[in-house]
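In order of appearance the chains are A, B, C and D, and numbering begins at 1 in each one.
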Amino acid sequence: MQMVNKEFKPKIVAFCCNWCSYAGADLAGTNRLQYPAEVKIIRVPCSCRVNPMFILRAFQRGADGVIICGCHPGDCHYTTGNYYARRRMTLLFSMLDFLGIEKERTRLEWVSAAEGQKFASTMNDFVKTVTELGENKRLEDLRCKK
Amino acid sequence: MQRIGVFVCHCGTNIAATVDVKAVAEALRHEPGVVVSEEYQYMCSEAGQELIKNAIKENALTGVVVCSCSPRMHEATFRKTVAAAGLNPYMLEIANIREQVSWIHKNIEEATEKAIILGRAAIAKVHLNAPLTAGESPVVKRALVIGGGIAGIQTALDIAEAGFEVDIVEKNPTIGGKMTQLDKTFPTLDCAACILTPKMVDCAQNDKIKIYSYSEVSEVKGFVGNFDVTIKRKARYVDENKCTGCGLCTEKCPQKKVPNEFNLGLDNRRAIYIPFAQAVPKIATIDADYCTMLKSGKCGVCSKVCTVGAIDYKQQDTYVNEKYGAIVVATGFNPIKLDKYDEFAYSQSADVITSLELERLMNAAGPNGGTLLRPSDKKHPHRIAFIQCVGSRCDDGKGKSYCSKICCMYTAKHAMLIREKYPDTEVYVFYIDVRTPGKNFDEFYRRAVEEYGVNYVKGMVGKVLPEPDGTLTVRASDLLNGQQLNLSCDLVVLAAAIEPDNSARPLATMLTASMDTNDFFTEAHPKLRPVESPTAGIFLSGACQGPKDIPETVSQASACAAKVIGLLAKNTLKGNPCVAHSNELLCNGCSSCEKVCPYGAISYSDKEFRINGKMVTRRVASVNPAVCQGCGACTVACPSGAMDLNGFSNSQIMAEVDAICKW
Amino acid sequence: MLKIKLSKLPILFDALSDKNKLYIPADTKGGARFLQYENGMTMTKELNTVRSPKDLFFPQTENLMDFKLEGKKIEVIDTREECEDFVIFGVRACDVRSFEVLDRVFLSEPIDTYYKNRREHGVIVSLACNRPEETCFCSTFDIDCANPEGDVASYICGDEMYFEPLTEKGSELLLNLSCLSEGSEAPVYECKRNIYEIKSKLPLSTLSAEKFGKNMTEYFNSDKWDELSEACLGCGTCTFVCPTCQCYDIKDFDTGNGIKRFRCWDSCMYSDFTKMAHGNPRVSQKERFRQRFMHKLVYYPMNNDGLFSCVGCGRCLSKCPISMNIVKVMKKLGEGKDE
Amino acid sequence: MQEMMKKKAIELLQSGEVARVLGWKKGEFDYDITPAVFESAEEIENEFIYNSLCSPNLSKYLVKESRKEGKTLIFLKPCDSYSLSQLITEHRVIRENVYAVGIECYGKTDADTIKEKGIKGITKITENDGVLNIETLYGTEKIPVYEVLRERCVNCKSKKHPVYDELIGEEGETVDDCERFDEVAKIEAMTPEERFAFFRNELSRCIRCNACRNVCPACTCEKCVFDNDASGIAQKAASDSFEENMFHIIRAFHVAGRCTDCGECSRVCPQNIPLHLLNRKFIKDINELYGNYQAGENIGNRSPLTDYTQSDAEPNIVYERGGKDNA
């Protein structure tokens, strides 16, 4: 276990589906639920729009954690998108783990439009986990360091 | 290089209190491509929008970034604003600095920094935006209803009422569906035929409605507003235009041993038949499986007796092509087969029957003229046991996991009717739970128990044993009294689970409409879009979507009609321009994208390309923008990156990622 | 002639690496490779490395310059640094010749300063091939694996290694190395004799390049290219293991904070090789395949006084996934041609 | 075997049933066998070869050959037949233009595997009763084929041909006790640090020659995303640890559910990177999470990544299973 660096602020990219999770994030905002500013949201139509390339790209460019949020299974605006996302992300995360990349750096969560609270607590928890892990060293691209 | 304008909104103090909006505007002014960066109290106000419009004109902007509240709030507003200034509305991106910044962060420095980063991400994205135009497609103002039961009938009548043409395709010789076989209906106990047959006649007489009976849908092409459907008209060996429905042939036909499906095989009909007296259309049909003439070429009695010469033994299946703007699925349900339930002796004893069979036995037009007699010896039963949930709520793999929803109520109805007509008959109902949510439903059930003295026993039946004396011993546990029962009965009625009609699955494939694991059609949204399939232009009516009783079916059928009318009332459909598109030069034609498309929006064709001076034929995907809803599932399934999504392209999303990660 | 016991080699390596960076061919999971010497490392017993030593003068990827972006400002940063002196130890004769091939490209006007910088600081200790293999055909290009060139030539004779300085740089390198002692010519002579004996038995010893280095149009238009290239996968294996392939691509990498302009090896086998705005002049694999061999056997020697840009090291013979290689090409193209 | 194949090829060529034959061609040294298209009986007589050294999987060549006029005869080892079946499923090969002849296979070897045994300077290889007689510049060696089989053949998954028009030799069965996932399981059992170190060591050797991709029968994209400047992720450099990770992860992901585990990627890698481990990891995960699935087993099968069930495992299953934790 490495020492938690107090100064270390992780970079977190959150892909949120437009219909549930992005709305859930909006609700978290409306309800003034705090979560760390390290989280930056990218709006996508559906969790199934998230290409593994985007996730690796984020790590390459210096992200320390990537989280994908979508509608709960069965509630996808497009009926089936999150089911495909679930398989893709499960396999991708498993592969990253296989390559020895800290599995805690990637996460998939289901957040509905009504779950502002869950969105905030998920982000708080994720930021905490990634902060404890420290900087992403295993998937970084040195050329992208400042 | 785009010329980008950045507009930072204070949202009163909503944003400005925690984000230094001036600093945001200043920082973003120095981003590549940004030619103007301003802040204002309320960007969404008249004056704010005016500011944006003027800036677009004065600076010849090609892209706009508004840093404000959530795009779910004002994206539409600002799209209109930029469009009013002559920009394509999709050259706008919004950085959400209210819900995602000012409202959740307290530290001004931190919030300002994050707002700048989100602004940069939006700028990075808008650099790669391209003008998008929503496509338009015409709407064929005619609907197709597949299935002529009460759901299909109601939907068709409502659509016709609104002045649109509608065709009903019914696979049986007559419309009417399951409801024609019912005796009385709960919770009002009015006779099914009395309320249904007028609607059937309405259909036949309505000049907006065309009924294709004894027909099936064999092919569906096209998309919302413009479906191209092939209907197979099965040969009935009777000229529909000549037959008067007099019924003489059905009396003279020498082949009398055909199980009568209308009475569920409890009696027989002829090889040429009209299913029942009120059939619509009332036209005879020859059952090719039993007709001696068709099988051996010897007979021809019907032809001889027909006064109008309607019999045509040489008739073939024919195909009709029609165009429709909308398709309604109303394929209904069937009771499940009970061959896996030997413990209830359904296959062993004629006196173990299904509830639907009971309906026929009790119906005046049924095999016994309405007198309840045991099928085996035609004797009056003195004790009847009803067994609930046969195949419903099962997790043993034999039956269905869901509740069939209608059984509790119709069993209460049966019990009540029997007790009323034959007070000397004891009625037992074995149940897991009694479920009566519905207007006047619980009252109805309580009347059965309290007024009619029906014995409800909580507990499942383990076995039904046919005894040598012709009785049936029902072995059950009485959970409330904690005892085992051995009840000698004369008749056992099984409340068989219901399942979607087996024509539904192939139809779903043709329509590219999705289904759940039980073969019920899935709705576009379980709560908010319950009568639409996720596939645009496909609507769901009745039990094909899930178990339903008649009142629910009819209300859904009408809701479905309302949706269809809403569609057909439009002259053209404007699409969402944020749809997938395939770069044909990169496409491998591998079909991965097609498999994950929930809408069937992707099709393949062989196309010729000039590649390096040579003509090459390749199988490539193309997306129908009228059908695609823009989820993006295909873009990830595509390994070559040929599939991309307008408005959320790979490069746009990666530009956002880069911008977010680089600070 | 200086010599050292093979068992004492680590002492020599330590001494050499004290003064300079030292690269020796060492074993890795992916086969032998030139690695920077660290104490304890031993020299491979393999005949040669999988990747050639050209990497040390012409690395696979090399940063040329940086652009720093801040808002709308762009700053250009020169990232070049003067190279330190280094020694490459155990280079085979064929690979030594490859440096000459590269020099003619990179050191002719306009001089490639990145290459020159490294080349000037490198000292080459070559090593004679005691056990050449069936894939060797250096003699086809008049290379003598018993008499390697370089700054210092070395020979393994029994349990001893002999060194002969061939250039001033080489003599300087061997100065003051106390672990080396004087040795006689005889063992080296014996060693060379053995090598010649094996060389004569090499299956490709009779392969001749006489027919090449001319008749450009005829070879270019030969109808044999279709058949030769039909199985080619278009991968870059042959070019990347080749000691003489020198094509590169220059690309910009957007780091988010700026641009890194780098060059990396290119392969004429790749579909985007020499791609221009209008497209690619070589549209099919056949043309790309032909380019590689025409370059090695015809264009290069025609432009470089008959020097072939193949050195017969045999790497492509053993690494091509589908076993198509320059020997097969030479034999097929040369069929039916007297000379 | 070789003679029967030659006879069949010549017979079908001469009858006009097929226009060309995809097979293996003799090289310089008995081991450097090249895939080849034969168009005449004469070529087949002189150059066609089939033996334990015929490693290359020919199925990918049909992407091009099956689009030519007339039928192409292809000889398929069982694993090549899986590849072809998958290619047909994905419409990359036109089935009607293929005449597939399944041939039995007891495992293949190649020069690399033989040379790994320290046998150098090979001048001649002959095969007799499963034993290779290898003449070298430095003496003669005898070695049974089974001792120099490639890993993929040692852990052969199936001796069945999912697609063929005709068989030469006996049809085999799938190998139920195949141990191909053992190596993956071994790595899974390591700590993340060990796994990272293991793959860093392997993948850092990558020289981005693209041989793995170009030989892969699942990688048949008209233009690979990594070659397409417009994709935004095109890359050529092999400088930094990230590029290799990205390339190999994405490549494995793109072929996940489609890879038949033919092992060509590892065979051709000039740097001996065990690339098949990545593909096998996906296959193993798919088998464990979504039920056993063998790509190419049946034509028309739906790949697990274009399919789903409502009760699929959630990704956090990754956190819960496998591997040692950080100690």
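Convention: a contact is a pair of C-beta atoms (placed from the backbone, for glycine too) under 8 Å apart; a residue touches a chain by one contact, two chains touch by 3 or more.
Quantities reported herein were computed from a predicted structural model and do not represent experimental measurements.
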| item | value |
| --- | --- |
| Separation of subunit D from subunit C in steps, with touching chains one step apart | 1 |
| B-D against A-B, pair bridged by the larger set of C-beta contacts | A-B |
| Greatest separation from subunit B - chain, by CA centre | C |
| Whole-Å gap separating subunit B and subunit D, where each centre is the average of the chain's CA atoms | 45 |
| For subunit A paired with subunit D, centre-to-centre distance based on mean C-alpha positions, whole Å | 36 |
| Inter-centroid spacing, subunit C versus subunit B (mean Cα positions, whole Å) | 68 |
| Sequence positions of subunit D contacting 2 or more other chains | 223, 225, 233, 239-240, 305-307, 309-310 |
| Residues within subunit A bordering two or more other chains | 52-53, 57, 61-62, 74, 80, 84, 88, 141, 143-144 |
| Multi-chain contact sites of subunit B, meaning residues that touch two or more partners | 596, 637, 650, 654, 658, 661-662 |
| Topology of the chain contact graph, where touching chains are joined (line, ring, star, complete, other) | complete |
| Partner subunit A, residues of subunit B touching it in the complex | 70-73, 96, 98-101, 103-107, 110-111, 113-114, 117-118, 121, 514, 522, 524-526, 534, 578, 596, 598, 629-633, 635-637, 645, 648, 650, 653-654, 656-658, 660-663 |
| Contact footprint of subunit D on subunit B as seen in their complex | 516-517, 585-592, 595-596, 604, 617-619, 637, 639-641, 650-651, 654 |
| Interface residues, subunit A side, partner subunit D - complex | 1, 52-53, 56-57, 60, 73-74, 80, 83-84, 86-104, 106-108, 138-143 |
| Partner subunit B, residues of subunit C touching it in the complex | 69, 71-72, 254, 256-257, 279-280, 283-284 |
| Interface residues, subunit A side, partner subunit B - complex | 11, 13, 18, 22-23, 25-26, 28-30, 32-35, 37, 40-46, 48-54, 57-58, 61-63, 74-75, 77-81, 84, 88, 120, 144 |
